[in-house]
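In the two complexes below, chain A is the common chain; its partner is chain B in one and chain C in the other.
Coming up: the complex of A and B.
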């Protein structure tokens, strides 16, 4: 196998595939590597840990068909090269990476050991990438990263009222987005897709016009631009989020999104780790406050409109900031109940297709 | 800061432990009670750190050379000082203080100020709180103390002096325990006192004042500030004039936040079984959790310390996503740490500590988890535990997995600092 290509294009492909390659030495050590397969001028770059597979297709100047599995280190090597043209050559027990006056000879993994990954037979649906990626971005942030609770590490895609609903929760917050008119699932069908895979989809989809979705029984595939992300679905029941759908709220704060974000950014300098941000609601200003035992205190006021009764409520500042960021529009609303231990709901003013529900902190 | 910053009359307590070092020694040498006991350097060049009231009758006082003390009171029992032990007991005492107010300022190991202005509505007036402090210190560490109650620090300190046991040639008279300098009657209390009772009146100032015919605080106050400043200079003069009027606006400055809360224990005989080590960890964790809660704190970093019979010592830490303050949360954090340690070579000491302290907050959750006891449930169980201990004492309740010989052995700071007791399974007094 031998080909020549652009350094930056190859580096991007190796980087994306490398993120999916496993870091663990399990039963299949070859999965620590990145698989390259050349047919004519088509190079397919694959990284996988069997749960998640990222495949990247690119056009190169192919000189000799074949395949190899290179160590993840190759990604760093290619990225660091000084010359923008790179040549890769697999011969015997060696892979040579050459560019300009640099020449690396590295030891590959055994090509034949690499399992068959990333294949899917499910039928495809193609939809505009921008809307779907926006929706993913709004929701995936609420998914958990705690592997002890696998059912919370995914985003639920469900058919809902003729459209598609995306839901994620880490048990502290719940994000729900409805995509009207998008039908990718049969009635009452739902799948739980690992958030990790979707983050990779968001990353790879930037700038691409269309996204092709294949939802199978056990896995899902997302094709964007020249990349394909295949993931095993989470085979666990998603928590009953419907019982958490927002109740009518007696208190509603309406506030400029940027002003709220800026104030919160400053308050977060102290409201870190376990220190919450306290919101004092009531009257035409919102007061944000954080009290840190060993660092000090911060208080900031932002103009806002408030309907309801006075309330002080505390949140994990990072969760709150993440929710505000997820809301569309120039103004956001924060709806609360009269008690400081009940969930609050963030929405973009005038939008009803998304909400971010957040449990407060007890102080 | 001026007095007008305090629209509310402040209520300050000065708590002074009675013959602290000696009293701590008497706890482990009860047979010496009633005898003259002197703590301090026992060598030829040592000085007296503390003397029991019985020894004071013979004119022995702190900072006196031990050789002089021996001459004055040859039959006294001389004990070497054990600062580490006193510091431990002191921490326990201050933990008690902090149960009454967050505004606690330590002056030394055995005395401190408490601003209980805000606690009065809940706990009663200063005198009531003072008696409660004495009772709780006695219950918790077995020591007596004297309390001065006053509108400011300076008068509170003079008050505690008046509350102390008095030693005269005719014997020891017990003190009143709590002495209040009543608001409005400060000068009545202050002016008859000898002028050297004021802070800042040392030998040199005293002789200057004596030349002016000043013997009591009242004499000094009568001079007027200008005269005093003329005699003593501006800074010292104004300061003393203020004190002579009974004024002191200094605030009670809480001590810098504690950095860690921990307990460790050396065993009478080395432990070889993981289950034995685990039982000690559960017990120590319970003690740490209890102290964290008493201070209204949680710990994000939990450290396990193990010393082997070879004296080799290892520490393992874990930092948690949020601050914990319940024993189950602490033991859950320690369990994986213990797994990395082989107890088979004999464990001599186990320590558990929490650091990264902060006011605990609890992230509320959306779902009830049926199969796991939620942190919130443990937290309310823990506060029930605190209530029971508050009413019936430390030994009233403890984790079942920490029991041995059918008895609950609560952790008390410093209990084993001097090494193992002879029968570790005997339970605590």
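Coming up: the complex of A and C.
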């Protein structure tokens, strides 16, 4: 196997595939490597841990068909090269990476040991990438990273009347986005896609025009430009989020998103770990406050419009900042009940296709 | 840190001669120059090693590691399976007792778990002989120095006594009393604490941690 190609293009493909390659030495150590397969001028770069597979298709100057499995280190090697043209040659038990006056000889993994990975046979749906990626960005942040609760580590894609609904929760917050007019699932069908895979889709699809989805019963594939992400679906029941859908709220704060974000950024310097940010709602200003017995206190006021009865409510500052960031528009609303222990709802002012429900903290 | 997994033979030439026959091993070359050779077993001790400072010469299939005393480690590489390098940055050092640090952190959030009405002045209150774990005030305004240990023995009580002696030199703190806190306190330590006029309190780490379970959740 032998080919020449652009350093940056190959480095990007190796980097993306390398993120999916396993870091663990299990029964298939070859999965720690990245598979390269050359047919003519088409190079397929694959990384997988059997749960998540990332494949990249590149056009290269192919000189000799074949395949090899290179260590993840190859990504760093290619990235580090000074010359923008790279040549890879697999010969015998060695792979040579050469560019300009640099030449690396590395040990490959056994090509034949690499398993067949990353194929979904479900029918495909193609949709504009921008809207779907924006929606993913808004919800994937609420997914849990706690592997002890696998059902919370995914994003639910559910067919809803009139479109597609994306839902994620880590039990402290719930993000729901409706994409009207987007039909990618059958009636009442829903799938739970690992957030890790969707974060990779977001990364690869940024700036792309179209995205093709194949949502099967066990796997899902997302194709964008020259990249393909295939993931196993999470086979666990998703929590009944419908019981948490926002109810009319007696208190509504309307505030400039940037001003709220800036104030919160400063307050977060003290509101860390177990220290929540307290919001004092009432009157024409919102007062943010954090009290740390260890470090000190901070308070800041921001102009706002408030309808309702006075209330002090505390939140995990990071979760609150993430929710504000996810809301579209220049202004956001924070709706609360009269009690400080019931969830609050963040929305972009005038938008009803997204909300971020956030549980308060006790103070 | 450079990590090489290779089938290799290792010879040590110095005060004595030792040889590791051909086998697959992990060779670690640390940023400070230390070289250690590990087998796939045993928790901590390398099969062979050479402390820094030393010189590593990489020949085609052989590495020679030599220290200023002329001792040599000769590693013959028969087959290299992986060779990678990683930038670790500055190491924060060993945190000897994570539970103790966490215990202190949890009690700083909830000093009332030690004694009702206590409010925290500062964690790690500095003195010229070391920091006091927790400095608090009781409802009557008396300063309370608290030493937190995972296991309470007489050394901890002595430590608290030394802190209180030093703090006593600062008249601005007024009256100071001490509380010795641990998950379990040995009988001798209890006697000593009482003889020094300190209270001792045993706290339940799990209960303290359980306070987190009071977090409000959506479901």
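Observations on the model:
Please note the rule applied: the second predicted complex is superposed on the first by the 363 of 363 C-alpha atoms of A that agree within 3 Å, B and C clash if a C-alpha of one lies under 4 Å from a C-alpha of the other, contacts with A are read in each partner's own complex, and residues count from 1 in each chain.
Keep in mind that, in the parts below, a contact is a pair of C-beta atoms (placed from the backbone, for glycine too) under 8 Å apart; a residue touches a chain by one contact, two chains touch by 3 or more.
Because the structure is predicted, anything quoted here is derived from the model rather than measured.
Superposition of the two complexes onto chain A shows a clash between chain B and chain C.
Of the two partner chains placed by superposition, chain B and chain C are both touched by A:169. When the shared chain is aligned, no partner comes close enough to touch A:251: not chain B, not chain C.
Judged by the touch definition given at the top, the superposed model places A:73 against chain C, while chain B stays out of reach. Once the two complexes are laid over each other on the shared chain, residue contacts for A:343 go to chain B and to chain C alike. Once chain A of one complex is fitted onto chain A of the other, the partner contacts of A:107 are limited to chain C, with no touch recorded for chain B. Applying the stated contact rule after C-alpha superposition, one finds that A:274 touches each of chain B and chain C. When both complexes are overlaid on chain A, the residue A:360 reaches chain B and chain C alike. Steric collision with chain B, judged by C-alpha atoms after aligning on chain A, is confined to one stretch of chain C among 27-35, 63-71, 81-89 or 153-161, namely 153-161.
Residues common to the contacts of chain A with chain B and with chain C across the two structures: 169, 171-174, 239, 244, 274, 293-294, 341, 343, 357, 359-362.
Against chain C, the residues of chain A that register as touching in their complex are 71, 73, 106-107, 169, 171-174, 239-240, 243-244, 274, 293-294, 341, 343, 357, 359-362. Interface residues of chain A facing chain B in the complex, by the touch rule stated above, are 169, 171-174, 239, 244, 273-276, 291-294, 314, 316, 341, 343, 357, 359-363. Listing the residues of chain C that touch chain A in their complex gives 80-84, 108-109, 119-120, 122-123, 214-219. Against chain A, in their complex, chain B makes its touches with residues 257, 298, 300, 322-323, 357-367.
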